[in-house]
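Quick one: this structure, given as structure tokens, is what I'll be asking you about.
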């Protein structure tokens, strides 16, 4: 599979930007809608609000751990380290979608509102990262515009919006648009991951050179730290095995869409090739290939399938 | 054909900064500009391409602005305040325009 | 729903232009094909030709009424008023598609050839609008090129073409490509309306400011006048309840694709923000939320379900 | 490297007018030009952006044309006849080109 | 159908480039995957390797015949003739997909690895074409970069990659993503062919003028020569009727994607309007309308349904 | 505002040649450039448009490069070696840039 991707990466195969964006909109819409319909079906769980709060707290806390860890094992500057930390506190929605789809494959159910938790975990980490820097007197510019952009960024709005639509229309609505939402999902996810693989593979050769061994170590072990925290939080919340696995995947994943865009605006001095390489080229494939199976295995072992 | 002196300013800037730049221009009284998409490029921070991208963070845009020579300085200052800490380039060319009443 | 859209509008969520255009091509293709297959199944109704003629006449006549009405309640110039009138004589195919889909949901059948009627109603209104101006000696440029562009504009050709393919291949062809044409239809329509909502919502704030109360009144009541005329015509033609409802929706809707493009070429002096705001930001949402249910209720009440 | 004097004309025009403009150019004997897509812009008739658009009416394009200086006037007249009643801007810059035989 | 296309061609209907590319990626992915799953299901046929070798040999040989033929019936220069010959040795994957879909419609099965044969036949013809020129001392630039681009060009990699995935995941994988791969296939192919028809139709008028009668003769008869060679080869290999028909279609078809791109780099002096007109505007529609039915009829007659 | 002399070089070239051109530029020490998409155009080899295209062979791109005047010749030679046998045009304009340290 990886060898295949390597071959692909040397080719000129590429999916047009508009189509890739279209696929990601489809995936977000489908996952949000399904989550909302799930909540409508099973009723609002008492833990919903607790889970949202826990997600926000996790997202605030993770960057502080990540910052200490990355400073310990690499020689990154404060600015770069804070930027990296922000990415690991936030989440990768594609990792979440992939984990959902593996769970569905194995017939493990999970709380529909985990979609809302995912949305809630996107933004707080950015605040933590900027606070880590401002603490050192370095002025990161954080205007109200940027706040609006972060909180209303496309993927959050789409997730929350389609989740809300799903809650409102419920199982009936799902039945109505199932041929659109459910059937092609696997295929679109597959093509989308192919595209991510192509992009990641293409940059991999150049990028790895710029990273030291410490960074690689960080990129491959930070997900496990995040997952451990996610596990603890999930158990405290009393989530199902599937829900715990998803929370682990969320905590373990690193953003490579929303946070990079915010960092380019708020922290232009941070080097994008550091944080993008780590989140997109190390942590993302790590989670997809090794991480998710581990998280599911651990979650089902601990909670009981 | 009757033409009028003008300056053509071309600013290559990261896509997430586009709105900030155009807002700064409007605030500085520059209400005429055109934004072109960019497919890829190369600079001190390396080479990149748009193909397959989904993140808006990766891309750039080109903002082209035709402006009366006497208003150039005000505009450059407004633009510079935005691009200062960011990557991207600003170039200025002498130009002539038709229909001066539009600038 | 509207509050949701307002929230969405403040976000940077946007569907790439190419994908939006792809979805609209899909919708036109699907609706045309289904209409054609319907005609093939039920045989050519004697009223088909009469309906086409009636549609063309309606499209010619509506702008004249709209022109008088908009001049009465607003202070728009002759050129702007004529441009607006042209939009209301023509049709919004998305409104038509939405109406079809609501009818299908409620199990109300309609004449398949209403698709052809929709196509026939796109262009004549443009001619009326230009005639309204030329009457006042103002030279609107109308060359043969523009004629060709209007008559062979993408959406007309796609509708008529796929309608023809549907008639030729019939129910068998429909069965063949049903998984493509029928199943994802609801989902694509849903995403497409989301996109329209985003675009409309984004411009709404700025645009409403430019319109007076008279314009808003016009935008929200002209559809009812159009629908009344559509109702009368449909009853004269002896259409089914579904067909009458569709004709009402067609007459009530205002174009925001074909006619604006034609107006930019033929009437560049007309202010696009006037006609686009009215048709896209007032009449379109009005029809979608309030209009269509009314038209269906009235049609079924009058014709009998 | 041997270069030759030329003019670079850049015309921003509404997309529905593109074919009319290029036809007018070809009629005026100008057969070399390049059309670039435009993502958004701002002018006297307000600000607009391409994102999510489906209507061709909303967009603009940029037509770039390199031309021998002595043919500039004929070209501007042809272009002006098309853009006259329409929104859009026309700018001219001095340029040099390689391979003069192509112009 | 053609009259329809002619009407379409005069309209401004066009499918955005990104969507067209997205559809072609979907088609390649689906056809490759299905081919691979077919191989996984039926076991690796002994003739697989023989077929690949035969495909490569055919692709090398066809340009030499095409070159002699085109030089005989037209007055094209050596460079233009060699470029044309390269196109006819290579293949049109859309023609292949269309042939597969007609076979499936008629319930004729074929070897799944024909997809791999198609991929193998893309590149060798380019080498033959360049050799035809270098023989005459004319220096066609052929650097290692170009080699990599040709061998790893997007469509080859996608075909081979999805074929490999199909072989690995087998029928189970196919069942998993069938709603994505199988159901919408006909519809996407239909829309894609519409798009090709639009592009072809649009250029047809201008282009035919530039071609002499000899070229048109070549474009409409060379497919039959190729198909005859494909028939012989298929019989020698002992393929099924469906496999023989596909090999005939491959040999008969002319490339209009991979080879033109390679020619622009390696043989910029060759006139693209000559080779594109021939392959895209004569041979492609010929194969789609007249060729494929003939090839299937001949193959089933000779091999026995 | 402090500006510096520079040259703006604009190269329209067939899409399949893009990578070759940018590699040649990088080899000649030119690491700053921006690639813009092209929608269509016309020249001695006829008119074309991107709409509905699937073949990369049909399209072109515009490569814009801002460069110090003294490095222009080296760059033009590198570019010319690539475009020489191919269709496409190269134009040069005088320009000024902000932030000279970037070029």
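Lettered A, B, C, D, E and F in written order, each chain numbered from 1.
Keep in mind that, in the parts below, contacts are C-beta pairs under 8 Å (C-beta built on N, C-alpha and C of every residue); 3 or more make two chains touch, one makes a residue touch a chain.
Computed from a predicted model, the values in this text were never measured in an experiment.
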Intersection of the contact lists for subunit A and subunit B: none
Separation of subunit F from subunit C in steps, with touching chains one step apart: 2
Identity of the chain that, by mean CA position, is farthest from subunit F: C
Chain located farthest away, centre of subunit D as origin (C-alpha): A
Centre-to-centre distance between subunit E and subunit A (centres being mean Cα positions), rounded to whole Å: 41
Whole-Å gap separating subunit A and subunit D, where each centre is the average of the chain's CA atoms: 44
Where subunit E touches two or more other chains, by residue: 12, 14-19, 21-22, 149, 179, 183-184
For subunit D, residues that touch 2 or more chains besides their own: 36-37, 56, 93-94
Pairwise chain contacts under the document criterion: A-B, A-C, A-E, B-D, B-F, C-D, C-E, D-F, E-F
Of subunit D, residues touching subunit C in the complex: 14, 16-17, 19-20, 45-46, 50-58, 85-87
Subunit A residues within the subunit B interface of the complex: 14-17, 20-21, 24, 141, 145, 195, 198-199, 206, 256-257, 260-265, 268-269, 271-273
Residues of subunit C that touch subunit A when the two form their complex: 4, 7-8, 10-19, 22, 179, 182-188, 190-191
In the complex with subunit B, residue positions of subunit D that touch it: 10, 12, 36-44, 47, 49, 60, 62, 73, 76-77, 80, 89-94
Parts of subunit F lying in touch with subunit B, wherever the complex brings them together: 1, 3, 6, 8, 22, 26, 31-37, 61, 64, 66, 93-99, 102
